[in-house]
């Protein structure tokens, strides 16, 4: 059977990564920004899995790494959401441009 | 004698001052401490002379070398030769005088005396250290006290002056540091004696000498990096200006001298630049002084001009001129300290330093005026005072340099003695002589401590001025040794 | 599963115990803050002491966790910093409700750092890193009421998440090109191929973000300003130190084959960092922000030291960090006391500070002098040794640049001293009563600042443990 | 060679006096200072007479030639193996002669001051300064080393400065003292450089050695210094001319003479001592001291000659116009010193040709006495009239007979009327000039005539003319003049003694003792030769008598006749104004101020600029820290890209 070459998958993951980055740079809503970061993390996950599957199938390093990434991303998201909620309490908004009190 | 005593004494004094309670206590401790330093220095002189008389021909006496940072080959290597001993004596004299002059300091007196003593400690350490890192360490130790002394107890736009002084000196030491790095990574040691023995590759010298000489030059008010001098001296409290001009400018001159001896080839190939700058400093400083109206500024600018002679003497790179440079360092230290002391006394009474607002003080305060005149006469190089001996030695030395350009430099520098006479006499004529204003007519003359301080410095000046063979006897052998290296370099050319 | 593992991991285990204890305290019956604080400080001291003896060397979890005398030393330094911070935040936490949470967060992050430092494997490293970062984001938000605090936390969590994304990308590339995550094996596969270089640079960027090197530093100032002083202190000293240790060991151990490349990277980073840090520090009035930028500049000097890539390099790094702990924490101690008791955080408020609080003024001054690198304080030696280590590469342009930048840094440090000693103020900060334990912490810092420099055995000890390349 | 070491005491005694009076005078010796000073100086004077006797009559002469004896030599400051400043005592004809002059004149002044300065507030200080001056002057005389000369040279200058500025709260006195010091200092600069040149080529600073080396045309030093040249003149010429510059400064030769008239601000006895008899002839002494070397260089000697002659003439002309009696005397001093200078200039070294040298020394000797006499006389006149201006005087001959007599003798002496002292010395000078250089001779002759004219103008104006004026002057309540009449005996005695000298010293067979090479020299007064000068002088005296003896309009006519020239002379030919212009209009505003300005604004400004630019940059880039977390991330990514591009593609 002819399988999808690694480069294709890498292309997808890279695209995902930069899409996430683009979202982070452009979106004003903090929640959305957080989601874009999740995208980036997931693209990394794809990388790991792909590398593992294609190049080093005998060991499972990559897979495990991606598992850990998922967990930590969850933790991170939890803390982030908490912070955002608190930010909303104090700023009455989750627009990132409203939280630019400290500068220069 | 263990030279570390010279560091421990001030340290001990400083600590005692920190723990002491009331003003009287602080003063007494400070005075006793400084006297102890003076005594130690004098004793050291005696021991040194005995050793020499006993035929001890080692270049450095009382040498002791203990490992400090083993991994980096940094040693606490100390020892003295004639030149450093002369500097040590100068320092101890000025410290005593400074403490005496600031006897009546009320504001934050504890901190004040503490910093003074700390400064002196830095100076001693600097003069006794034979290890470049230790040298650098003490060089910087001596900077920050100046900043605080000027900034806290100063007058006028003290903060700016303090900041300018600190930053320029720090820039100087930054340059010095780079130079040290260069030497270290090419000789793998900081030990001056060792480096002197093995010598430094010509290229390395050529590249790093400017860093070191310029760095120390900033401390020695080398043109055009002298601008910290006027403001710093003018804003500083009396004792601080005495220390500044008397001690810490000498750190620079001493450093320059050591560096020139350490890298003679480079010193020789750059000597024309050094001499150019020195000559400019001398004549330019003199003319700038002529225009000043504030006594402290007058003395500060004249310091620039006088320190120019030190650099000139070093730049000429021959025995006589280097002798002259050393004598000039000592002489200028004493003389300018005396001058600042006198100005301080006048200022503390009249509350003005403006020449125009003073006059006829000789009537009201004969002693202070006499001190002022003596300082002035010494500064314009009158025979019998140290200034004459120093300047003449420098002239004789630099004239030995048959190159026409150097001759012209010498003549120009010599011309400064006329300008010096002009500004000194202007200052004296306007402040000491002439009619006295009524509110000054009843001011009191010097108090015992001021008389003592002035007397001490004057004695120093006179000893050099009347019996120069004594100090010559002290420094000649050392310069002879320095010349061995330098001549070697010159003959290689 | 032998008992040696308990010895190897004793610092981590002790810390975990502390964390559990805190949980119990939290759920247990109400106790007075004072008692809890004292207890914690005592325990922290024990924790520190435990690390001091019985250095042990070896690895666990087949190489994922490695430790040796040097690493233990590094952890001890972190413990020391933790202890000092906790002693200094006494005044702030005395009547703070969630002090247990506060300690929980900091300890967790510290635990993460321990694991990161002794990680022998990219996965372990990543776990440690995140474990140390995420709690800090929460801690930054510890002043729940303050707008700035939550803004700071938001900025920290977002940018650190972004940076870990970048970092992970780098790791994935390294993994893809070498097929392994373990450091020892990885070294063999490191070469100049572009993909790997790209991965390496992404990894370095992640590090640079954590140690706030320019241009990855922008979060620093805002977070420092917004976060509570104690947290700021932790951020600026502990987390930075931990990452620096890890960074150095990874560079020296793993990326030896491309040393020339990362030397270049370090030079570029350090030049940018020193310059930008100084230029921004010049203008600051908020004390925490000022310290933030000054610490950025400090990192620049540290990078020069690391770039020496020699035993001297790593030794002077650890040495400097130790001094930095003392100096920076002394400064932060004063700031935290002032902000906790007088509620002032601006340099301009410190005018005439000496008249009212001579003790605090001297502590602050000595600390700042040490940061500026003025003898006889230890900072002088620390900075000089870093630059000496860097100078070993005979790149004198860099050294001159750094040395001259020291002059700029002098300016802003002396500016604070000027304000404290020389300038007048119509309503100066009133006389503050410093808690005894905080005072003790400050004394420890001062003694440290004096001793660490002058007593050469400290440096020699560190040097004897440290490893070159 | 017998022992002259006791000569050391001659300078040391005044030094001791200075130290004692300087330190404790104000407290303990406020009254007795004068006695102490005089006593110690008396001792020195006696000692110097003893020395003179011993040297000239006992053992100075070895097979017919007076020897140079180095009584003492101590290395004071070693520069390099054979270059050093030595402190020493030289005993040779001129030094002994100067010892006599200085000590005795100084003694007279000390005695005179006892009365003149009585009741001054700083009486002790005054005597301290006098002693200091005497010490320095004696030290200068006895110098063995050219640098020793320079040192005492400076000391003499400073003590003169102190004494001129003695009335320190009188602005004019302060200004005068300043001027004197600075002008001479400027001259000393030349002296110093001259010393440097001579010392460098001679390889020593010892005068004896220098003479030895530079008088033998084969010695390597001589060859090197004459071959080395700068701007066309040989280094020898340069050195000597520069040294002469120093001498000219002290001896108030044109154009460095401007300080002398102002120096009259000092107390009159001081003028008598310093600015008439001793210090101002130091320049002459210096040239005489180095005369053998000078004689090896034609150019230098020519310069000496013409400067001397011109100064003599110029000063004489100016003196005719001045109205302040002390200034008149000052200018006459200048002109007499001019005589001595060109006498040296026209002289040769050794034998008959050394006449000029001997004559110069002779004139120096006689001049010291009658000129100090004139000053002291003027002193007691001023003491009585409380003014220096001629118009306040007149007809004093009755009020102060002794002064009158003494003054007249002095005038006759300076006018060169036989048998007074001046006649003999001036005669020798004229003879020397006549043999060497007719032009100089003419100038000298004319000057001699002028001299006697203005001296008697002075004399008549003081002691004769407008009696009425004086009567009115005194009836107008200035009775104090009568109280102390002519002053105490301490003021009269010196006058008489000096008058005696002014008559007597001319008969000393001077040439027997002093000549350029130490060997006695046969001289004779040629009556035929002396007709011309004497008659001229007498004519001049008669002329001035007809002008000023009784108050009349002749003088005004003469003034009108000379017109512009008179005004120019009265304004001292505007030399002062020229100097003022140079200093006030050129040095200060065109050199000093620009430098001071540049220092503040350019040099220091540059440092400030550095600081300010740094601050500016830091404000300029503050936008980088925008506070927007997204920008942070953007910069982050930018950094990543930059690094990647740098290290993957560029620096691979």
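Chains: A, B, C and D, in written order; residue numbering restarts at 1 for each.
The rule we apply is simple: a contact is a pair of C-beta atoms (placed from the backbone, for glycine too) under 8 Å apart; a residue touches a chain by one contact, two chains touch by 3 or more.
The structure presented is a predicted model; accordingly, all values stated were derived computationally and were not measured.
Taken together, chain A and chain C share the touching chains D. Hopping across touching chains, the smallest step count from chain B to chain D is 1. When you average the Cα atoms of each chain and compare centres, the chain farthest from chain D turns out to be A. When every chain is represented by the mean of its C-alpha atoms, the one lying closest to the mean of all protein C-alpha atoms is B. Between A-D and C-D, more C-beta contact pairs join the chains of C-D. If you average the Cα atoms of chain A and of chain D, the two centres end up 98 Å apart. Here the spacing of chain A and chain B, counted between their Cα centres, is 66 Å. Rounded to whole angstrom, the centroid-to-centroid distance between chain C and chain D, based on C-alpha atoms, equals 78 Å. For the pair chain B and chain C, the distance between mean C-alpha positions equals 43 Å. Contacts with at least two other chains are made by residues 167 of chain B. Annotation for chain D: residues 611, 622, 625, 627, 629, 633, 637 touch two or more other chains. Shared interface positions of chain C, i.e. residues touching 2 or more other chains, are given as 154-155, 158, 162, 221-222, 283, 411. Of all possible chain pairs, those that touch are A-C, A-D, B-C, B-D, C-D. Contacts from chain C toward chain B in the complex involve residues 312, 315, 369, 374-376, 380-381, 384-385, 387-388, 391-392, 394, 396, 399-400, 403-404, 406-407, 410-411, 414-415, 417-418, 421-423, 456, 459-460, 463. Within the complex formed with chain A, the residues of chain D that make contact are 622-623, 625-630, 633-634, 637. Residue ranges on chain A touching chain C, taken from their complex, read 17, 20-21, 24, 30, 33-34, 37, 40-41, 43-44, 47-48, 51, 55-56, 59, 61-62, 64-65, 68-69, 72, 75-76, 79-80, 82-84, 86-87, 89-91, 96, 99-104. For chain C in complex with chain A, the residues that touch the partner chain are 122-123, 126-127, 130, 134, 137-138, 141, 144-148, 150-155, 157-158, 161-162, 164-165, 168-169, 171-173, 175-176, 179-181, 221-222, 225-226, 283, 289. Residues 21, 24-26, 33, 96-97, 99-104 of chain A are the ones touching chain D in the complex.
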